[in-house]
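The same subunit A turns up in both complexes below, where it pairs with subunit B and then with subunit C.
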Partner chain A sequence: MQSSKKHSYRLSRKKSEILVGYGFISIPMALFLFLSVGIFFYAIYISTYDWGLIGPTENVGLDNYRRALSDPIFLKAIRNSLKYALLVVPIQSALGLFLALLVNSKIKGSKFFRSAFYFPSIASSAAITTLFIFLMAPDGVFNGMLKFFGVDVSNLFNQGAWLSDSRTALYSIIGLNAWTTSGTMMLFYLANLQTVDSQYREAAITDGASRRQVFWYITMPLLKPAHFFVVTTGMIGALQLYDQAILAGGADGSPDYSLMTMVLYIYNACFRKFEFGYASAIGVILFVIIFSLTILQKFIFGSSAWRGEN
Partner chain B sequence: MFYSMLIFYSVITVVPFIWSVSTSIKPSDEVYQSNLIPENPTVKAYATVFGKIQPNFQTLFANSLFIACVVVVLHLIFAALAGYAFARLRFPGRDALFFVVLGCMMVPDQLRLVPMYQLLVKMELINTGPTNYLAIFLVKAISAADVFLMRQYFLTIPRELEDAAKIDGAGPFQLFSKIMLPNAAPVLATIAIMTFQGTWNDLFWPSIVLQSPNHWTLPFGILQFKGQFSTDWPPIMALVVLSTIPILALYTFGQRYIINVQLSSSVKG
Partner chain C sequence: MKKISIGAGLLALALAISVAPSSVAADAVTTISVSTWGSSPSETSALKDAVATFESRNPTIKVNLIVDNDHGAQMAARFASKTPNDVFYLDAGIAQDWAAQGVLLDLMPAITAAKFNLTKFNASYLKPFQSGTKLFGLPKDANPLVLEGNTTLMAAAGIKTLPKTTAEFAAHAKKLMAQNITPMCVDADINRLGAYFVAFGGGLASSTNKSLLSSATSKAGLEWAMSNYKSGAFKTPAQLSAGWAGEAFGKAKCAYTMEGAWLDPYLKDSFPDVYDAMIKGPLPKAKQAGSLAFTAAYAIGKDSPNPKEAWTFIEYMTGARGMTVWTSYGVAIPSRSDVSIPLGYEVNGVVAKLATTITTPAFKGWGDVVGAFNNEAKKQIQDKNFNAKKAAAAIIAAAEAAWPKG
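Let's look at the complex of A and B:
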């Protein structure tokens, strides 16, 4: 009698756990299925249609994809986005690591410096890009500083208009975002650094390793989870470049499409040309690029990096 | 040498912001002069953004605050509920559903743009009336990353904490509200701060979804006015300064919570 009561208690407990479980996840899962999973397949569906302002007119199969891959402006957008990602990710990661190592040492005021370094990461991209455009103007503070140090750029190109010259615009944005994101990357490295046991380093130093050897053979490998995280999130973020490009170069990614990115291209196809099917195909292409690069990074860093992050 | 590097980089990170404050109180003819302290400081730019521009700063601020707060509340509720269920409750299909959540983290916003927009048009939420706000709430209603973060944190809470309450006959719902939720305060604070910052700063979705100038957020306003004012920098800089102050205050106040969570979730390994 006693044991059957206990049994039924356990059963009802199990039942109520199942009930509460489904109750708790019902709305979140419905939202995920609707806003992410459903939307994902809807995007693929739309991408196979000639879909204008009045809605779908004709199923065109893979024509939208073919058209994208033969449009020189889209190819330029892909090149710009990849060039941007391949340059900004190593710079912001290295800078983030360097800053983390700087403020990780037990020095006076390390808290202040940590906050100062993180500062550009918290402001909105709209605010910071606008400020950047102002500082980089031909008569702006940056050129004034260069002049002060004896570098006069006003005769070199376009009166030193960094963001209005197709040769320098993208590199200027790379500089801007390396500066704004390095603070976030620093925090990821700091979190990882603080879990690294100092005894490995001490043991290596006792064995006569130089500081450089300790860094390359002890610290760097132990930071693998952070490397993976920083490179992956950095790459995904970089391929989604939009805010800085539209603020500095407008919807056309001026000058001369030098700031045209994949996302800006989607924006144009969608809201200036109202070619929703075509825009959706570009979205799918962007997803495929991001997805394959993430998988590639998983293989490069090895599966242990995944577990390290969880 | 060490300190000079630290100070040098702090100058690079902080001085541009000081410059934006300085420019916002300069008269127009001093804007491109290299003096940091204006010769004839004026608050004219602030008068402009508080009064003359349409929509004015107060409207942009109220919209940003309203949207950010609603999104924070939605993220907290859904992340806590789903995070707890995935971490502690046993029910059929749990792991498969959690895998779906992880998959949702892989869907970029840019892929969602076109279908989401089409859907919002069909739902008649792309309009200039108050229901336009619902469009942005729906787009941002839930975050897979927050559910994941919440689950990871719940997993680190020792089961012994629940055992005592279980013996007293507490069911899963009481365990959640009386034991788990109070112990998850740091991660809730982190999600709140990061979601607030992300929503406050977001330009992508507002620039696509919000139709009426009366609905614009601060970043969207900056984008629009930057085009309108072109070279009249003091009012634009005033907007830059005013939109950054709340986030700065939020971080000064909440910074320690964020670092704590990052540490504890990575210590778990």
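Let's look at the complex of A and C:
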């Protein structure tokens, strides 16, 4: 009798815990459903309309999507965004991993280096891009250094204006962002590194493994959840490149649309042409690209990385 | 009991004090919001002073001046949420795009009721804001491109006067480059190079908004400009490590530039020595003297909350009295013929009155043409060994491909 009472008490307590749990998540979930999922479906709805500043004027079906996929500037924006993401993500990840390994080792002043490497990540991107524009100007520090080493670029790359040459502008922005985001990537790797049990490494060293073998066969596989997180968040962020592109290349992403990205294209469609339906269609296409690449990464890294297991 | 009644009395007194003045004020004073862009602290300060004169003459209207960082984007958000400002700046280049969206108020009924005289405005400054019988903005001022020269750098090359013709400019360029001085800083932008289309006898768009870019004369103007980029007589601001041509000129990185009256307050604020050494004149003449002029208007939104007070503001600011105050600060010249050009801006005024000074085209889609032209022009000049003729042809082809169909 007493044991049945205890059992029912436990059940009701469990039920109330579940209810409290759901209660706590209900508000953020409602906000998520409304502000993220709901807005996404609303964007799909808008994308089927000719939608200007005063609202919808005509249902155009899939015309906005057809128009986007036949617009050479938008196709260039997709190419630029993908090229940027495919180059910046491996560079920032590799740099982040290198810095994490460096500050995780027992070198003198590792705390100072940790802060120093992270510093560019906390600076405002507008401020750091403006600074970068000065550094990469024809009479900037970068060209000064090249000149010091005997490389004269005054006859190359738009007379040394790296950000104003269609062949170098995007690569310059890749360099800028690899530098500024590597600190954040370092933190993600560092967090993962500090959870790795050192006995695996010690056992491998005892068995005669070299440092290189320990890194490639022990450390790298154990960092799989960090790789997945860093690459996925890096890719999502990279495909949404906007502020550095507009600051360096203006709203037209010039020269030769070399800095036109998908998000900058959306900005132009929205705020310069007031074509909200068309801009929403581009937004949906961007979502499809990001979502597909995220799923692809899940398959590449395996489901254990997805679940955060080593 | 006594405490309660004292408390109630104080509460009643507080309520009376807080309610009474505000209800009187609400009846008497209307606050209108005016959103603008600001190109320099001097310009914003001049506008504040001009607005203060309006407020002193219209004590029932207060103006809340808002200087937008990204005026176009911020106005788009306000239009979409049906909360536009009472009055706002309307750039000639986008006026037709905004009008086509149906968000601007037609000013003609107010103009007719107030018997406001439109004949005092230069017709070409009104045109960008007209659509049929409707008028969506009144031009607040005008600004033609003129040639500015740095006399210190000119003297270093033995030059005393500004070049009057393209041939003279070529001679000056040779002398300046011999002294390692960049002759001219000008961006590869249709809103600058277009002036040479006009000087060579061509233009940008016909009265029916058809392209004039590929006419032989326009092409000749662009080829001349491109050959100057090739020879080093022209350099872009980026090639001179500057954000815009005025900055390069202010930093004495070039002897000449071609800007409007907005350059003067900027130089006065940031580079006073160069401002003191500056002389101005018309752009070098080719077949004819020519320039491009820019204008912007004051406009009211269809959903603006106080259209009556907004019109009172526009009527004053674009009237002879208000425009005299505003242009006296030297940031622009008047768009009205009955307002005199301020001292020091005589050249700008003379250029503005030239029959061959044209306003930049204003039709729906002009922004795409500008984008295509500028992107291609910057691409063409990035290699030092480009062919000026081929470059000009490629730029014109790109701009015409972006020209709105129909």
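Quick notes on this structure:
We adopt the following convention: the second predicted complex is superposed on the first by the 277 of 310 C-alpha atoms of A that agree within 3 Å, B and C clash if a C-alpha of one lies under 4 Å from a C-alpha of the other, contacts with A are read in each partner's own complex, and residues count from 1 in each chain.
The rule is simple: contacts are C-beta pairs under 8 Å (C-beta built on N, C-alpha and C of every residue); 3 or more make two chains touch, one makes a residue touch a chain.
Keep in mind that this is a model prediction, so the values were computed, not measured.
When the two structures are aligned on the shared chain, A:257 is found in touch with subunit C, with no touch to subunit B.
Of the two partner chains placed by the overlay, subunit B and subunit C both lie in contact with A:139.
In the superposition on chain A, A:54 makes contact with subunit C only, while subunit B stays out of contact range. Of the two partner chains placed around the shared chain by superposition, neither subunit B nor subunit C is touched by A:215. For subunit A, the partner touching the most residues, choosing from subunit B and subunit C, is B. Of the two partner chains placed around the shared chain by superposition, subunit B and subunit C are both touched by A:270. In the superposition on chain A, A:166 makes contact with subunit C only, not with subunit B. With the contact threshold set out at the top, residues 134, 137, 139-140, 267, 270-271, 276 of subunit A are in contact with subunit B in one structure and with subunit C in the other. Interface of subunit B with subunit A (complex): residues 2-3, 5-6, 9-10, 12-14, 16-17, 19-20, 23, 32, 34, 78, 81-82, 84-86, 89-92, 94, 97, 100-101, 103-104, 106-119, 138-139, 141-142, 144, 147, 152, 171-173, 176, 197, 200-204, 207-208, 218-220, 222-223, 226-227, 233, 236-237, 239-240, 243-244, 247-248, 251-252, 255, 259, 262-263, 266-267, 269. Per the touch definition, subunit A reaches subunit C in the complex via residues 52-54, 134, 137-140, 155, 157-161, 163-167, 252-257, 267, 270-274, 276.
By the touch rule above, subunit A contacts subunit B in their complex via residues 13-14, 16-18, 20-22, 24-25, 27-29, 31-33, 35-37, 39-40, 42-43, 45-46, 99, 102-103, 105, 107, 109, 112-113, 115-120, 122-128, 130-135, 137, 139-141, 144, 179, 183, 187-188, 190-192, 194-195, 225, 236, 240, 242-243, 246-247, 250, 262-263, 266-267, 270-271, 276, 279-280, 283-284, 286-287, 290-291, 294, 307-308, 310.
Looking at the complex, you find that subunit C touches subunit A at residues 70, 72-73, 76-77, 79-80, 94, 97-98, 101-103, 235-236, 238-241, 367, 371, 374-376, 378-379, 381-382, 384.
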